[in-house]
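Take a look at the structure set out below.
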């Protein structure tokens, strides 16, 4: 059974909107090796798990739970990158078709026009080429050694693709999220490789994949320095045997040690996404809005609390 | 950010294996209107949510969190229904191809042979016709009224299809799970219909869809009597404004009242799925098994604890 | 712009329900070479048509219009074949889950369980293997010679597949419809082959494909005797130049002549499909039904008229 | 059974070609909520209709017939927008690869290169992201209340997406067609909402979706002034009970009245699409062309008649 | 550049037809981990190969070439298993629809009816659930370590699935082919594991996957005894550096040695598939047949030669 | 059984990289009418071939073998066109994310970002709109006349689309390959048309499709002058009866003669693709590289030999 807190696993950094960067990032969300796949693959493997190797189950499932929070993080990031257009001055996008103007013309030329026609400037469950996510991506072979190796290949591919995406844009919103995912994919590689080490395999100098000095990416370096690439969280409210596997020397064989924790040291506020009248999102007219407002006498107070936690949201814009 | 307890939202009831029933149930998991869709649709809508209508956000997201636990429940149910074959005596399936026998011949004739070739007698992210789940199923229009109506149609279709599936098998494993989902789909219809009521719509006698006396299904009746169809849980470890919407008279207009809770009153143990040597699942040979065993000095104790909570598992079978 | 009369292009013959036969017939509806493809391919070719070869346009479009009526015919046929189960005695299917019985258990074992879970015993836009119809089936190359040859291959494949389906069941409902389509596919082969003859190609003895004596199928023979395989209709309320092509000797080079008509000599009543309470179809409970009834003071009279035209419907059953 | 007149339901307005606008418009044709879906969904629902609620059947089917004419209209519009390139002067595109020039280089950079490689500058059965239309889009649940609500959500989504597309381009060819479809989607919302009103639901101020003043789009305003958003046509050559539902006050609760008609007051000529030698469309060389010409002694006269009705076609260009 | 000899890499063993076994075998041809995937994945990796690691290129490509011959072998095997029906006596299937009989009724009930409607009792590029093969199955990451690990997972999954399929039928036609593929998948695991050994990884006792005594399958044992599981062929007419990797101790660490050869020691005749009049395959009527016969004065002699090599074909049947 | 030589069927001509041209060329590789389809369609037809018409079998299969070499050729061409970016100076792309620069930013804007995120600047099994290749493209009807006509339509469509692609770019790398494929598609049209001639059909002046003077493309003219459009190769190491069909007057009826050969007169070196550090391809770090180097004492010598054959590779770049 699953629970939630309305917090992010990594902060969203503010920068200019960049629909093309958002589209590249879709590969990390809805691509064949993206977060929707890792989340679903690890959850299916743990729900269908056979036998009494509970530490292996707890390892796979714990990472699967983290992946739901990655889906949350990357979705919010894409949504923020799509919100408006580069150089957007706050006027053009507001009023649908004001005076016959094509206020959404950027959408016609977007890498994936669905971001503007279908998704109201929000993330979609598709990859960077616009293909919808498919259940056929989920691999659950039932054989433990094979599932662990498949998971290692999956996390390695995730890290390769995300390292390439890092190099596709200097946008700070994109880079903050992608750097975090590069580092977490490395931690997950360590997890599955360590599980295979318990069954005898010695990885020598092959890991992580790809082999390169990722600390040359400044955003990555900061996270490596904090040791995020050698931690794993189990996110279990009861208890977990993950640590039986995820401890001791890292399979990168670089002298580092693996550390199991319940959850990350810190969590981060979720920015409120502004209304987008030009997308009819959420699209309540004054009549409907007043009904929605009447519903909740505590709302003002609540919102104040949320903003206090999240800090000011510079691009937020209240509808009239 | 998401958390987990290793417990189920509804108990798995033991009965004979029934691969055809398992296949019908796949529609409820990976079908166009199944639990993977509801989970992803509500999570995407809440991650992409625009504006300050936090009670609506908390309602949609809270139901989305519950749907992850539904995916967990239905996956375990399908897995149990696939485990072996009807009338299975415990011998035939054990040894892969023993003496040239076709020990897995039931799989060749299964409604979806993938359950035996690909999935090791476990659930798959596909529908009852074998089509993989698609990201195109997820609807997130951005417009609040439209998203709420789409969600209502989704939950109504879920309830129609599950009521049909109920009538396709007398297997108690299938019926316990499907009855629970019929009742929860009714609660979710109430939730989205109530949200639309706050915007002025009056449903008169149209709900729930389908209109019929579902208490004629004994497993459903028990849950209705317990009021499960008028409760909604928010599963939030911090706090939620869901109750601002989900309270007061139910949109079925039958005199019942809606009640918001943090979580269900009870949770249930997760049965350990037995090893399946004929599927090479998990497929550790004695050499690898001894390494896995050496890993964990606390395992025996842990397993005892888990079984104590879960009760005896009648079909469990330890590999030698 | 399109118009409609509520009549069928060929009669539905009554026989026992046969879900497996219905499933085979799905290939003729939603298969890669089925009626949805021919309809869409010919309509797209005519909507995108370039140049002033109006007789070619009128030929392609006229056949495309006929194909919509074929989709109508085959959908009604599948729906009738699915309606209940072989040997169905009228009781079991009526009441959803009465007394805990699995009233719809036949659906669990159906070739495509979607016919019972999703489609309420009605036709689906899928093929005989359960794959949904795809827009990629539509070929519209823009080059006239190529489009005509592609259309000829399409109609030839349709006739091959339908001749195979004819041999898969002795059910009279299936055979009446499939025999009609075999004959019409032959007429359409003549149409596209004749258009290519106007550009110089001589077909010698190659047509129709497949070359065999289809008059050995008694239902086909009757239609051949009536000359249905050498007629083409343009279904145009204004006028058409189709006859400039579709006239003179048939490209089968068997001494027959091609005849263009506005529409078939006869049309046939559309049987009313009975309610299916076990499918919640249409699923109005007494309260909703009385509102629906109140709506229309002329209904009784109208229905009487329709039944008079359609003849008695032996399997129709009013809900209480 | 279906019939046709070679006329359009709304006029094609002439403006510059704009391949990116054409691509956005593809969402309205082959998208998950586009005209191919509405056409197929309503036709399947009416062909599979169960029970004696004939007015509901006639309403659904009548709208379905209109949707075929919408597919015709939007296909012609896309085809016109793709015809050549912005600023096209009539020379570059003519001769395939003349003197080694890349005469079709615009196609390499088109949003969807298939428009130039596959479709000969014509419309395709795909969405704005290039995904082919899928039969899985068609929802036909069998339950009347559910089907009506699904149809309402479908038409509401159509109107949302088309309002967004309107704002993506100032091209008059696009806007004339999209404005017409916005207005018709509103009429269809009224139709399905009214059918649900007959079963008791009161929509208050929720409709139409999205709630905004669409008369700020000048092309829409003209159609609203003419009352096109409150008319529905049944397109039946025999007779229809649609009016039993589609009459009285509109469910928008804005004081307007619904009016059922057989067909729109006016219809419009279909422009002849010019030959495109660079696409080999239709690609008859002089030898083949002379055979095609010989076929038809009435052609000149016929073409003259057609052009007289359609008015001069400014971009038409005869091949030599 | 590629070449061919009309010989098989393993013999087809004759047994009864078994359409359900044929369908299971489709997973090995068109499944996500079947031979079409291995063939395409290894060919794409070698065509896109970067850098000067020629021995790695030659290894990957050599295995890719072998996979084309596997596609050939498994296609012929499926075709043979589909040819007719169990207990088929040679009469029923001959004459299409003779006297109104449903001569192909077995096809209506086949696991995948496409085998009879679409494929003329031949293999299809689909998996055991009827899903068409997809280009998205092909993984070509560009990173050498990752590609080698992905290939290892692919071959391991192939061996797991084929070992399961072996146990699904006692049919000798299926088992001869599947046993050969189990053994070759083991050889390919050795190849990719050995390539990773050259980069430092030590597999200890983890390989092959799955770990079980496959010599308990008699057909497998025969091939193991012949050493087929430790050989790899490069199929290069010029020369290959494969042996630089594929030599020395096997990564199974069981004391066996790897041996590189140009090609297998033996090859086997390809049985001629009989005509199937009931499928119109090849469907030449006497008129067309006589033209085909006239074409080739050497045919009789050639066929005699081929049959001499292939041995008598017990189920072959000449059409009249 | 299949064999290989490490040579190309046509030379790769060096020109600037052009990712948009590469993307257009994808249609010729992974499109519905591209080389993967022709390869698979002809191989499936020959593996499933029924009856004793061996010359027809040898014709279809021989062309199928050639198509594998076309897949090889077009994959290498796309790979070369993607290698870097237009105007690439050799520095920017080298070092992943050097100093925070977005070294791969071109990939974010590429027509298909997968070429840079997924494919490491290599070809993908997808079409020009990014859709993965599908097994449903393969047509194998079993009926000989129909299969031959389907193949003719396939080759004609291939030639139409490639002629359009030719006109989309003046890049010499693209044009050299596309011109060769235009000419070979014409030869293949001749092959299937000739096979149909043996069954009586007379093509008059309809072929090839499209009818236009392709010698106006200079690269095509050179190949026509060499007669490449009237040759067919059987690529059989044993022997083939292809010549029984492919000889005599060409079905274009232009006075030319058809000639069957074992293989093309010449073959061409395969350029070594340079390492791409920014793509981690192949991504061996110095440690792993030294192990790879140690593997093979003959490598230097071998590489020298290969380069001698292939000529200098102007854009090749050794990693440090």
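As written, the chain order gives the labels A, B, C, D, E and F, with residue 1 at the start of each chain.
Please note the rule applied: contacts are C-beta pairs under 8 Å (C-beta built on N, C-alpha and C of every residue); 3 or more make two chains touch, one makes a residue touch a chain.
For clarity, every value in this text was computed on a predicted model and none was experimentally measured.
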item	value
Chains touching both chain E and chain F	A, C
Per Cα centroids, the chain farthest from chain A	C
Remotest chain, chain E as reference, centres from CA atoms	D
Chain A and chain F: spacing of chain centres that average the CA atoms, whole Å	39
Chain centre separation (chain A, chain C; CA means) in Å	48
CA centroid of chain A to CA centroid of chain B, Å	24
In chain F, residues with contacts to at least two other chains	32, 118, 126, 130-132, 134, 136, 141-143, 145-146, 160, 199-200, 205-206, 209-211, 279-280, 283-284, 288
Chain-to-chain touches, reported pairwise for every pair that qualifies	A-B, A-D, A-E, A-F, B-C, B-D, B-E, C-D, C-E, C-F, D-F, E-F
Residues of chain B touching chain D in the complex	32, 131, 134, 136, 139, 141-143, 145-146, 149-150, 152-153, 156-157, 160, 196, 199-206, 209-211
Residue ranges of chain F touching chain A (in the complex, touch as defined)	96-98, 100-105, 107-109, 112-114, 116-118, 126, 130-132, 278-280, 283-285, 287-288
Chain A residues touching chain B - in the complex, by the definition given at the top	1-9, 30, 36, 40, 43-44, 47-56, 61, 65, 68-69, 71-72, 75-76, 79, 118-126, 132-136, 138, 140-146, 198-200, 235-238, 241, 244-245, 263, 267, 272-276, 279-284, 288, 291-292, 295-296, 298-299, 302-303, 306, 318-319
For the chain A and chain F complex, residues of the former touching the latter	20-21, 23-24, 27, 31-32, 111, 127-131, 160-161, 163-170, 205-206, 209-212, 216-218
